[in-house]
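Before anything else, here's the structure in question.
Each chain gets a letter, A, B, C and D, in the order it is written, and its residues are counted from 1.
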Amino acid sequence: MVKTLISVDPKRLPWEQETPLHNRWHPDIPPVASVEEGEIFRVECVDWTGGQIKNDDSSDDVKNVDLSQVHYLSGPIAIPTAEPGDLLKVELLNLGCLDGDEWGFTGTFAKENGGGFLTEHYPRASKAVWDIEGIYCSSRHIPGVRFAGLIHPGLIGTAPSAELLKMWNVRESALCEEEGTPNEKTLCRCLYTRPLACLPDPKGAMLGQLGHFKAKQGNDETWDKVAAEAARTVPGRENGGNCDIKNLSRGCSVYFPVFVPGANLSMGDMHFSQGDGEVSFCGAIEMSGFLDIKCSVIKGGMEMLPVVGPSPLSVNPIFEIGPLEPRYSEWLVFEGVSVDERGMQHYLDATIAYKRAVLNCIKYLAKFGYTEEQVYLMLSCIPCEGRISGIVDVPNACATLAIPLAIFDRDVRPPKTMAMLEQLANGIKVLNKDVCLSTEGGAEAKDSRLD
Amino acid sequence: MVKTLISVDPKRLPWEQETPLHNRWHPDIPPVASVEEGEIFRVECVDWTGGQIKNDDSSDDVKNVDLSQVHYLSGPIAIPTAEPGDLLKVELLNLGCLDGDEWGFTGTFAKENGGGFLTEHYPRASKAVWDIEGIYCSSRHIPGVRFAGLIHPGLIGTAPSAELLKMWNVRESALCEEEGTPNEKTLCRCLYTRPLACLPDPKGAMLGQLGHFKAKQGNDETWDKVAAEAARTVPGRENGGNCDIKNLSRGCSVYFPVFVPGANLSMGDMHFSQGDGEVSFCGAIEMSGFLDIKCSVIKGGMEMLPVVGPSPLSVNPIFEIGPLEPRYSEWLVFEGVSVDERGMQHYLDATIAYKRAVLNCIKYLAKFGYTEEQVYLMLSCIPCEGRISGIVDVPNACATLAIPLAIFDRDVRPPKTMAMLEQLANGIKVLNKDVCLSTEGGAEAKDSRLD
Amino acid sequence: MVKTLISVDPKRLPWEQETPLHNRWHPDIPPVASVEEGEIFRVECVDWTGGQIKNDDSSDDVKNVDLSQVHYLSGPIAIPTAEPGDLLKVELLNLGCLDGDEWGFTGTFAKENGGGFLTEHYPRASKAVWDIEGIYCSSRHIPGVRFAGLIHPGLIGTAPSAELLKMWNVRESALCEEEGTPNEKTLCRCLYTRPLACLPDPKGAMLGQLGHFKAKQGNDETWDKVAAEAARTVPGRENGGNCDIKNLSRGCSVYFPVFVPGANLSMGDMHFSQGDGEVSFCGAIEMSGFLDIKCSVIKGGMEMLPVVGPSPLSVNPIFEIGPLEPRYSEWLVFEGVSVDERGMQHYLDATIAYKRAVLNCIKYLAKFGYTEEQVYLMLSCIPCEGRISGIVDVPNACATLAIPLAIFDRDVRPPKTMAMLEQLANGIKVLNKDVCLSTEGGAEAKDSRLD
Amino acid sequence: MVKTLISVDPKRLPWEQETPLHNRWHPDIPPVASVEEGEIFRVECVDWTGGQIKNDDSSDDVKNVDLSQVHYLSGPIAIPTAEPGDLLKVELLNLGCLDGDEWGFTGTFAKENGGGFLTEHYPRASKAVWDIEGIYCSSRHIPGVRFAGLIHPGLIGTAPSAELLKMWNVRESALCEEEGTPNEKTLCRCLYTRPLACLPDPKGAMLGQLGHFKAKQGNDETWDKVAAEAARTVPGRENGGNCDIKNLSRGCSVYFPVFVPGANLSMGDMHFSQGDGEVSFCGAIEMSGFLDIKCSVIKGGMEMLPVVGPSPLSVNPIFEIGPLEPRYSEWLVFEGVSVDERGMQHYLDATIAYKRAVLNCIKYLAKFGYTEEQVYLMLSCIPCEGRISGIVDVPNACATLAIPLAIFDRDVRPPKTMAMLEQLANGIKVLNKDVCLSTEGGAEAKDSRLD
């Protein structure tokens, strides 16, 4: 029997939830609940933006989203037997939507507000809304695709210790200091289009029982200190966090390091489905949802985790994949190598290689009648597989992006003649005539392909 | 009925083969054979080094390998109906070992001679030999693993046009010019440990019917010109080439752009199996082998390929996966984020994230009694999956490495207690007592873990 | 958004449910609800026995079950646009347990009360209770196995027309008339140990809005007539019905023939998991549960269904398998041929061949320390695959039973020596010491293997 | 390195092969070769008929086939360490076609000459020839399907002891004695259309080194005795034999009981692919081929095999499935229940239920433009799955037949309207216009559907 440990109401604002949420990592954020090993419990989560995005046909909400507030997490949850140095085994026994809230959204942020993997190409905000029908989803904004979800938490992790938190802040600050450095000779220069990292910022901070930016509760001095130190939730780190791994789905077991007494597990950012890379950044099918969980502790088990780095805290979680992922047998695969869009050669850069593979896929599917923005959103959320196929053949890393053919309602493999391609494209263009994928600028958006 | 178009004798030197091989890309290397569309033909290939590596227990051959000679390819094969601008569909109907040569090798190059993905960690040459038993392989140098092959050509592609070749040489030279630049502030500095690219070099060049470095044939002036211009085969590029994609296996269809009349298809670098990334560089199970192939031409079909870049030649092949890949249902997965081994933060660098995931896996399996060198080689050739899971969560890219549990003869999931882990480790250590994974320095090698 | 069309309370008796249930097939049972094509709706169902079996450690309830009452179905549901001759496409969008009722049971009936596939071997009632934890289940009565559910309705179908109902009653009566015939020379004689068929019987009948055996409602004359004619729900027939096909799971689409205006769809007998054959009869993991469904109508589409037989009504549903079945890669397979347990040869009898395969598996796993009753129950509900491998090689049909290895917590493949088998068996026997699989006779049951 | 233990020349007659073949089971047939445990060896086999069927467009050879000669087997092979009571583990490391003989055939026998599963419906001989192209096959006689092979030996087994042989002969004779018995009341009467069993018969016997029916060698008295006692190879039995299990494919391990010193393993009847049931009897894609094999012995291991029956010899082999089966994700499934084509009800008869499922599939695909004979042959050899889904719901057994959708070049799921079905059917009918599936009577055959 599942007991509901934390419940949320997706119709209420984040700071109006019964159990306070948090959107920062800090060891001093107190647990809101406690569970025994072996107990099965349910945790409900609001969507990562706390309800800022609506089920409608305008992308203005995505354009104007306040990213200082994300990600709204449920927790921390204490497991009293867990101590620093232990390993926490977390079984995701089941995941799903919240009753009455069976929809999700995929968006791209505007270049000025966070952007995404392909911001230089698709700089405007856009949004597709997905209807969830049992295990399936489909979107009125992207015709011709329907697929089974691979529900997972984009974000789940244990609380950092003070020492680990400091490690994060030091290294991320060091990176930010490089920003704007005139690095014309560096190999990575093309990637400087987005903020390098999000450093601690009290603006928008929500700290659970310590209070939040709208109305600080309790000891304001504590709030100020914690808010000033607490790490943003944007990246995945040693504690898990926002790894956005689509395979953390039904039935998987994750092994987390324990850094603070009680482990203090938090989670949120529920995705109905996601493609490897989550390329559009707001890119999975974002939704509210629940997780049914069981925890156990391996005493001293953090030693099972490999340490790679200067500190004994330099670890990462490991996990076992569950038995219920949708499986596909036919795939079409796109290759990319580490030559960027301007033709410039990079050295074994898997990020650029993957970018090329993704762009290749976008432009290929656009030949079938989709707009490029539609495919960009699609690749963010269909269960496509992004692989590092070759990482040693200097100077080119080779990345591949594989898309499952069965999710399309027509055959998108290369046809035998150009004429057949044209005919297929006309079919989708007809469907698209009445589709308004919402991007800034409205109607104009339909023709917004970049060349 | 399959006709053998090109046969090789793996017991003879590369320049003694009946049909001349080549190890460079150049439009002027003439085809050695011609096939009709729809015809089924067999192409045999020597291993990529042309027989430099032996089936023995010493890694001296790997240490002293002459990399100026690689990769020895069979071809070019002309398909007379193919013209520039067409798309060449190549079906890999079957692949296999050569009769009487059923073995392969996996190696790591010494740091001074090319190195690999983890050269800073494992700087010495090493070698594992694999026995191929039907669909399975196992190694006397790595006990406790056995798995079904996923045979594929590491390298297959069409010939470049003069224009495309020039594009390659220009951009790769530009990269090499950056080498040695004092880039202490760059984000990519940790990757400068290997040669940045391999520019054209007549040393070791073999140009098919134009002759080879041992004894140039025909017009020496032509040989000198072509050898000076011809691209090395090391990286994958617009024409396919050395992409090292493990999924180009039995039954897949690859769509190649055609740049020269006849397409001029070449192939080689046969792998019995490979993990995503081929991390140790000489890392698949390298072997001689055959491919049974059928080609067809889509007239004008290069337009089906997406163009991403400044030139209409900025394309990449796409492919459909075949139905006969070994499928596994249980996986253990390692995460890595883009913080390097020194603790330094990088910006959305998937290469570093994958490096971390690979190191995490190596150090984890080493806890079960393997040496780290054994796992490094193992990950190069077992069918592990390397994924770009998250590529947008600044500043951390998140990569994952998934290993199939069924290839091990014992359970390598995290046990419930540290004592159980110790017991398992003792089991493999016993097996390892009589194993001599060949690395430079012999016996010492067994204890060569880096900390 | 899912609307709940029919809800049940598993804590109330079948005749106390808000929406009346039914347990017979008859065209005159009126629909209790109506839905539009394309609408998504939820149907809740009680377990097939209507709550007769309890979550405890005694099998007395299984022994004394009243089978005249089964199966309690939710429905009929009318789809107003459906007419006789149409095809009704039913998408099973999702399925699951009812909140707060997350458990199930597997049983064998006593020989005197229905028995099962192996009644001659295991004549006593037994019961195993399964705890459902998210996607997984495990049983305190059968240690060492845990697996993901393959939830499905054992029974789902459209209402028969009067003509079809008559066809059923005629042919099943004809079969029953053969019962007891001294057929010593027949090939099928060994199968006469159970009732041949269950003919219409007012005892225990529940007819929806027409009333039920406890307290007939409305027009008693109508009730009497319908109860006397209405078909029992035990077998699968032309309308679907109790086919017990484990693959009617999440995401599948079933195409049902429409025999009456509105189609009148009913369903029940929810299973958390089942093995092919459902060998112990009460053999799946029986539970209450819900289905989320969407229907559409193919006008005149019954013509798409093949007709095999003397009547245009001689059809069967067809279906597409969903994408979310648990997939396994390693299987151990047992063969059986059509020679019965007494050594008597039968002619291409797949039933006997499958019986042999099942018995072979039971006796094999018993060598690992399980009791035969435990394996019998296990095979009824794990997702094992029962295949007709060869059906033409006179005189032996060959059936195979494949069990997925990953559901066991130890390796049950044949070990390399008899000593290793003994060691494994001791391991399970230790676990079994504290297990009391409930069978009649209690403690004695542990040693009840038949030889 | 594989050593070729037994080689054949498919262009020579069975009695002209270098190593003598055999087509009967008898303990006194001496081994023709011997192998050590762990040794890898290759065995080549002629097709089961010994070359009676030709690669042409006439089915006269199938009509007139001499079935007294089948199946031609390679072996027996002795493993000297194997003794009665041991278990012989046979690993099928690889399987394939013979070079230069890459084709196969599927046929239906005429009713007068053996018939098949559906002889009453399709009484005439027919034949389809398949071209094998690497892992794929396609047929000029059945357009629109292409699929990857699942190569396996239809027949493989150990030699029976004298005691086991006697057991076979006694029970099969008992069955034959029932033939013709006026059993109008029996449940199985509809199955009496084919010979009940094939008893020992010197006609056509080939006994390896003991000689053959064309020219007996050695001691004629021995030949006569052995030929009179030796079991026909038609059915699968306790020793394995002609089980026609499609999953005995690449990489599987089979555990055989050992009945005679040396085990004396024989094999043949190579299939490129087969559907569950091999419904047309000559129904797989029959071919010559090779097996690469490794054997090991588990001493006393026959005790691991379950005994079900009156004798300690009442056992069956068990096996582990290999990792390289073609995997499909989308399936269309046909149901059948145990009501025969005349509408007569049978009691839990899985054979009749499967027959109905097969007929349902045939008549369904015929609606797409195929002839019924084409589908009958197709179902015999595509990798379709035949399952016993429900075997307890009196009186109806429920069998299902699942066909993989990806093998068709068009979508054969039920279309949304009858008009779409008609359009699809016209497409295949056009392809079929030039196809002459060879059946007796030639042109007439195209219209030979039974109604």
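A few notes on this one:
Just so it is clear, a contact is a pair of C-beta atoms (placed from the backbone, for glycine too) under 8 Å apart; a residue touches a chain by one contact, two chains touch by 3 or more.
None of the values given here were measured: they were computed from a predicted structure.
Looking at chain A and chain D, the chains that touch each of them are B, C. Taking the mean of C-alpha positions as each chain's centre, the chain lying farthest from the centre of chain D is A. More contacting C-beta pairs link the chains of B-D than the other of the two pairs B-D and B-C.
Taking each chain's centre as the mean of its C-alpha atoms, chain A lies 31 Å from chain B. Taking the mean of the C-alpha atoms as each chain's centre, chain B and chain D sit 41 Å apart.
For the pair chain B and chain C, the distance between C-alpha centroids works out to 51 Å. In chain B, the residues that touch at least two other chains are 323, 327-330, 406. Against chain D, in their complex, chain C makes its touches with residues 87, 89, 116-117, 167, 171-172, 174-175, 178, 181, 183, 185-188, 191, 194-198, 234-237, 240, 242-247, 255, 276-281, 283, 298-301, 303-311, 314-321, 323, 329-337, 339-351, 354, 356-357, 359-364, 367, 385-400, 402, 413-414, 416-418, 421. On the side of chain D, the complex with chain A involves touching residues 327-330, 406. On the chain B side of its complex with chain D, the touching residues are 1-2, 40, 91-94, 99-100, 102, 133-136, 147-148, 250-251, 292, 294, 322-324, 326-328, 406.
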